[in-house]
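This structure is in structure tokens; I'll ask about it shortly.
As written, the chains take the letters A, B, C and D, and residue 1 is the first residue of each chain.
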Amino acid sequence: MTLEPSPSPLSCDISLYDRTESRVRTYCRTMPRQFGRAEGVWMYDDEGGRYLDFLSGCSSLNYGHNHPVLKQALLDYIEAGGITHSLDLHTEAKSAFLEAFTDIILKPRKLDYRIMFTGPTGTNAVEAALKLARKITGRQHIVAFTNGFHGMTLGSLACTGNAGKRGGAGVPLGHVSHEPFDGYCGPDVDTADLLDQRLSDPSSGLDEPAAILVETVQGEGGLNAASAEWLRKIASIAKRHGALLIVDDIQAGCGRTGEFFSFEDAGIVPDIVTLAKSLSGMGLPFAMTLFRPELDQWAPGEHNGTFRGNNHAFVTATAALRHFWSDGIFAADVVRRGRLLERRLEAMAREHGLSTRGRGMMRGLDAGSGEAAAAITAAAFDRGIIIETSGSHDEIVKVLAPLTIEDDVFAHGLDMLEECVRTTMTPAFGVAAE
Amino acid sequence: MTLEPSPSPLSCDISLYDRTESRVRTYCRTMPRQFGRAEGVWMYDDEGGRYLDFLSGCSSLNYGHNHPVLKQALLDYIEAGGITHSLDLHTEAKSAFLEAFTDIILKPRKLDYRIMFTGPTGTNAVEAALKLARKITGRQHIVAFTNGFHGMTLGSLACTGNAGKRGGAGVPLGHVSHEPFDGYCGPDVDTADLLDQRLSDPSSGLDEPAAILVETVQGEGGLNAASAEWLRKIASIAKRHGALLIVDDIQAGCGRTGEFFSFEDAGIVPDIVTLAKSLSGMGLPFAMTLFRPELDQWAPGEHNGTFRGNNHAFVTATAALRHFWSDGIFAADVVRRGRLLERRLEAMAREHGLSTRGRGMMRGLDAGSGEAAAAITAAAFDRGIIIETSGSHDEIVKVLAPLTIEDDVFAHGLDMLEECVRTTMTPAFGVAAE
Amino acid sequence: MTLEPSPSPLSCDISLYDRTESRVRTYCRTMPRQFGRAEGVWMYDDEGGRYLDFLSGCSSLNYGHNHPVLKQALLDYIEAGGITHSLDLHTEAKSAFLEAFTDIILKPRKLDYRIMFTGPTGTNAVEAALKLARKITGRQHIVAFTNGFHGMTLGSLACTGNAGKRGGAGVPLGHVSHEPFDGYCGPDVDTADLLDQRLSDPSSGLDEPAAILVETVQGEGGLNAASAEWLRKIASIAKRHGALLIVDDIQAGCGRTGEFFSFEDAGIVPDIVTLAKSLSGMGLPFAMTLFRPELDQWAPGEHNGTFRGNNHAFVTATAALRHFWSDGIFAADVVRRGRLLERRLEAMAREHGLSTRGRGMMRGLDAGSGEAAAAITAAAFDRGIIIETSGSHDEIVKVLAPLTIEDDVFAHGLDMLEECVRTTMTPAFGVAAE
Amino acid sequence: MTLEPSPSPLSCDISLYDRTESRVRTYCRTMPRQFGRAEGVWMYDDEGGRYLDFLSGCSSLNYGHNHPVLKQALLDYIEAGGITHSLDLHTEAKSAFLEAFTDIILKPRKLDYRIMFTGPTGTNAVEAALKLARKITGRQHIVAFTNGFHGMTLGSLACTGNAGKRGGAGVPLGHVSHEPFDGYCGPDVDTADLLDQRLSDPSSGLDEPAAILVETVQGEGGLNAASAEWLRKIASIAKRHGALLIVDDIQAGCGRTGEFFSFEDAGIVPDIVTLAKSLSGMGLPFAMTLFRPELDQWAPGEHNGTFRGNNHAFVTATAALRHFWSDGIFAADVVRRGRLLERRLEAMAREHGLSTRGRGMMRGLDAGSGEAAAAITAAAFDRGIIIETSGSHDEIVKVLAPLTIEDDVFAHGLDMLEECVRTTMTPAFGVAAE
């Protein structure tokens, strides 16, 4: 198969969407096609166009679209009449998932977590984590970080930094403060020390937190990657001040950084972990919250949700765990591809006096402005690459390719991206001239 | 096929769940089996037991388990490599759903709603509705009702009446007050008038609301059904006081009351409607928020969610709309079955001096106490019926059978339930003696 | 001395105020004079006008202006160099007050209250009461009542019903709900029972309250007087549901209803009581919060305020207690004058088909509309009577004369008021025609 | 008169207080005497003891106790029957104050402020300032600072940093964040720049503030004095980000720093200023909020309070303005005395390797620990000096002498303090050895 995307030349007719669907939608605005089929790293529109996916459903498709192993497992399950919706009843599909997750993920990492199936959205997993932390500690305040993103329901939205998203709440968002993330105050200020100072000062106005909620790499916030040392300090600060450490691993987890959990490299063990996005492996709604067994102090039903027993997701998630994580080959591949990505982005950055961000297969190029980044991603889409931006000012061109992308496809896609950057950032052509 | 359930005599081994899954789970405690296959009204455990489903995933399975038409549509879609996860990009599956929902549901009912795909949980649809109402009106307060249930994330949880659920928040739940639902203050007090009085009194302490949020039949709150007249009054009060009317139709909608929307009988047109549970038709996670086009003042991405483009759910939902709602036959069946249910429950109530609640196929028997109701449902489970309770004190035995249940199966199941009630409520046997 | 007021014919020059003072001021708008001297029931403007005070500083001057006994005590104290400001240090003036309050007020009523000197404003006393109730119970919610008024700082403002005042907060006011006061839902609904129902229903959405905060007579809310029976029910409900009962006696206390505390008649003993307004006896800023000794669980300084040791107020308050409350003569006088007031207002109400409100010397005439009430008070001011309105729509003409008013002066003032009502409410003249 | 204090050797009998007054009291615990008379810098107990006041009612007695000019003005007013309590009616006493404040304070400083008489406590003035800022901007968030102190009612308490005070609220304190004050992050970090960065970053999680609320010198927070440059930066940041600048000058204002307003040196003009404490000049309850005329957008009565017309305070405040501020002599004296204080404290600091804090006559010695500071103030009290601590850990020995203190008395008092420091901090004697 050729490595080349072949986008359709024309926009689809989107009048149906304009007539019937809310204007809240976003991605379809910059990528106005109608998609039908998808497989691996490729998406197909209904006019025969083919697109290379460098977005992966915002890291929900780490194994690509409709991976054949997962797809077959799901087909088999449905055909056999397997139960689909089961609230929180015991099911064979759940049992298989619990065993796989325990045996393949937790035990080898010496992690002892109790598994909670929340409503199947990341924000729901975060809401559950916040509730549990507040219940356990009897405290109400949460320390989150600048540029953090944790979801859109009121509890997790209060932990999210983005002003536009926050403004949508329509009510003030309380019980949370946003402290400077690693590097936020420049290279000379250790923001972990700042946090420690404030928590140690009984007159700082920072209430004792129930939890410190952190992403190891801030996906929506601009692919800011915390250093392992900073993460260890934060873990130690949480412990010293009686707060639980919650790692929101919804975007960075499930292998995106080269480990299953993004905090493994740092050698920390969070009290609570949230997972979603790529957890089902096939893009099905699925989320869960993990916590140390001693923290499992929920009353039955104290947090629940109609779709917390999504058996289709149990099935594909189990297949994904068994297929990709039973040994270390896949993880090693991801690390290798992450280095490739790093080298390529560094080269682009050097060429144009820019900088890069991120870790593993979760990296981006700081284009200097939202305008420049938008120009780059628009150029890429014109050539058939699905790619998006993130960051405070949408200034980061974000590469979130499927982790399974083959090396030659990846290289070719990055070649194309490099050209788009060059075309855009060169004075004669692009925004940099302004 | 026999009408008789045949439960397995023994509990399954649940040690795996105890070891690995959080104790937050509920249903599996009173129904300790491990389920595998499910079809129509029947669920099967892994020891060969067969169970009649009078719970329907809390009204998420209105068309029963794995309905063959929906199942086949999903299998076809997956086999063809249809895109699974698409954020809010345009897809063929979405397009088909938008057309079906518009043509089959909205147009015939002369409803002009813009469709918003929220995160695929009911609570997410409610959060979106609340945000929008607050944005549109510039107000912050929400009027909800006693015994209302709207979800578990902080925004919707604030609108939920249940003290145990509320307590789980760990922070105070604000910006909402709970006014008496229809009938709450006894037959002599019109609680709509009370609400109007308070909203008309500038010194009542009740802030001007952004919205009045109401269920027409309170599912979790005890199957309290508001009268059509009361609903019309509430709609008129909302309008008069500049508040939007939100009908949370997550449990009562999608045909449960015999109409697609539970508010059709009352002749009201809410400003905003939330749907989830049975929307996908097959129990897949899917939710949406509908609103009048003038209210579609979202900024792009102001509310979003990773799984808002769940194409599997688009596919099954489209199939369900086309199969069940293209003409009036299904709805008429539901109405008829609802009357059957009413007659049978009334007879049970009369026999034991009890009362009934509800509307359509969403009805229950007030057993007088949570203890009595639990005894009845336990007895029913022993005979192979999956059935649950609801209400302030879990005192309502709730019958939420699939709407597709065949008359003889339904009648036999109700015969069995009647015997369980009799056994339990008769002094010689049961809790009533105490 | 003549009984007749003699108002100045012309407004004073208020340009100084317009130039320099904020437009937030209110009373001076409808009573545009500049006052200089005041004595007993009389106020004098700087153009020689004389006014009969039927407002008494909103019940802050129950003993009239500058009562000679209090005035002399204060002059003696200042001349002797008595300490003025002392934070919460021990002082002779405080010691004298503590002894007088204990011996004259608490002991004879068999009340065992610990005395807390809060910041010298009513709202501060309420804030302290709320803090203490929340601390003691570990709960956050407060049940207040429709039309209640408790102050203007954020904690007490949240308990205040008035929408205009609440709107001034600029932030949502939480942790409080306003339940219907006695009589709010008409004569057929017992609102205490309603409250009990909601507190007994774990799904009503009404959180367990730290306290029930009530005025026995709602001064700002329209002189609504709760019945003794209702108050006893509320006291019992508070106890049964683990909430503290706070009586805000800031306006109704210090003798206004004929007893020192307005709740004495009802035979209840609140857990916490707030006092301010007439506490100093001479209109000096002074407030305190009383509570049962077991509730005195404050940490030192947990609530404080710069002016909590206002020795001038200690001196005049002590003199007032000794002069007016050492025996029952004054209280009997107030009761007698209250009956006179009741008879006179009832006669006015009967004549015009209106109704009256209130208790003791805290009574008003419901003029039917704010417009009518404003016309009456304006006519009264033209004749030299200082009088104001209250109520949801400012529809109550409020008579708050000094409790010390002599019978003939009071009768003459009420004659004048009667004429103003007659002139205003008679179709040929007034607003009633509209 | 001798310069020497002569404290009574024994504690007074405080059993009356223990029996009747709440345990919330603080100062009387470390200074267990009962005071009667006070004059200038001297306080007298009821056993003949004499004490030098280095606390000045926490800066409420900047002109000393019962200054003869103020005292006489008040006596004259009371004797003449001047009205005491007048709500917000126009009075001669108010008129005189408005003229004096405008002519003596505002005009010479080219300040054009509208004057609002709030309830007579500092916290009430702050609550009014916050309400106004929120109303004007339509925003809800307030930026306050670490170690700030602004009062004890819920609105101002939310702006206060002290954890013990905050904990007393019993509810979470929202709508405020505490950013690092000048110097909080050490000498190398410009905390104004940090604030600017966060406000400029739409993803920082810091909501757009209605106001930045700042003390120029943090009295309770440990006498941290902001630099003029930092204050100018903060003023500019507020303006640039659409926030109002509120200077809380309750403790540092009224001459304490050598200017009438503490922000004069910095050359900034706040949008809103709060004053209280020494405003009446004699320790009487009095507070006000000043703001630019364009900000005077209050609705009548939108914020009010029973004691907002405290005429005794108008009288003494007017006398104080005329006596002390009609020319520059007093201010120059304060500056001179402030330098004396600085030199003396610096010497003590040098001797013991400690540091000093503060500005003008608002300075302290950082004793290194709360224990050391308590030992110093206890030793000082034993010798007849009334002195207190402040700071996050009560580690600052705070010298707040009356501004009117004569040089020889001041010098002698500082000699005594120096000895107390020496005795306490010398290893052989004191806490430093531990």
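A few comments on the model shown:
Operating definition for what follows: a contact is a pair of C-beta atoms (placed from the backbone, for glycine too) under 8 Å apart; a residue touches a chain by one contact, two chains touch by 3 or more.
Given the structure is predicted, the values throughout are model-derived calculations rather than measurements.
Farthest from chain D, judged by the mean position of CA atoms in each chain, is B.
More contacting C-beta pairs link the chains of C-D than the other of the two pairs C-D and A-C.
Rounded to whole angstrom units, the spacing between the C-alpha centres of chain A and chain D is 50. The geometric centre of chain C is 31 Å away from that of chain D, both derived from CA atoms. Measuring from the averaged C-alpha position of chain A to that of chain C gives a distance of 58 Å. Within chain D, the positions touching two or more other chains are listed as 140, 164, 171-172, 174-175.
Partner chain A is touched in their complex by these residues of chain B: 12, 14, 16-17, 20-29, 31-39, 43, 46, 55, 57-58, 60-61, 65-66, 71, 74-75, 78-92, 95, 98-99, 101-102, 114-117, 119-124, 127, 130-131, 133-135, 140, 151-156, 158, 164-165, 167-171, 174-175, 210, 276-277, 282-285, 289, 291, 296, 298-307, 310, 312. Touching chain D in their complex are the following residues of chain B: 171-172. Of all residues in chain D, only 140-141, 144-148, 160-164, 166, 172-178, 180, 184-185, 188-189, 194, 197-198, 201-208, 221-222, 391-393 touch chain A in the complex they form.
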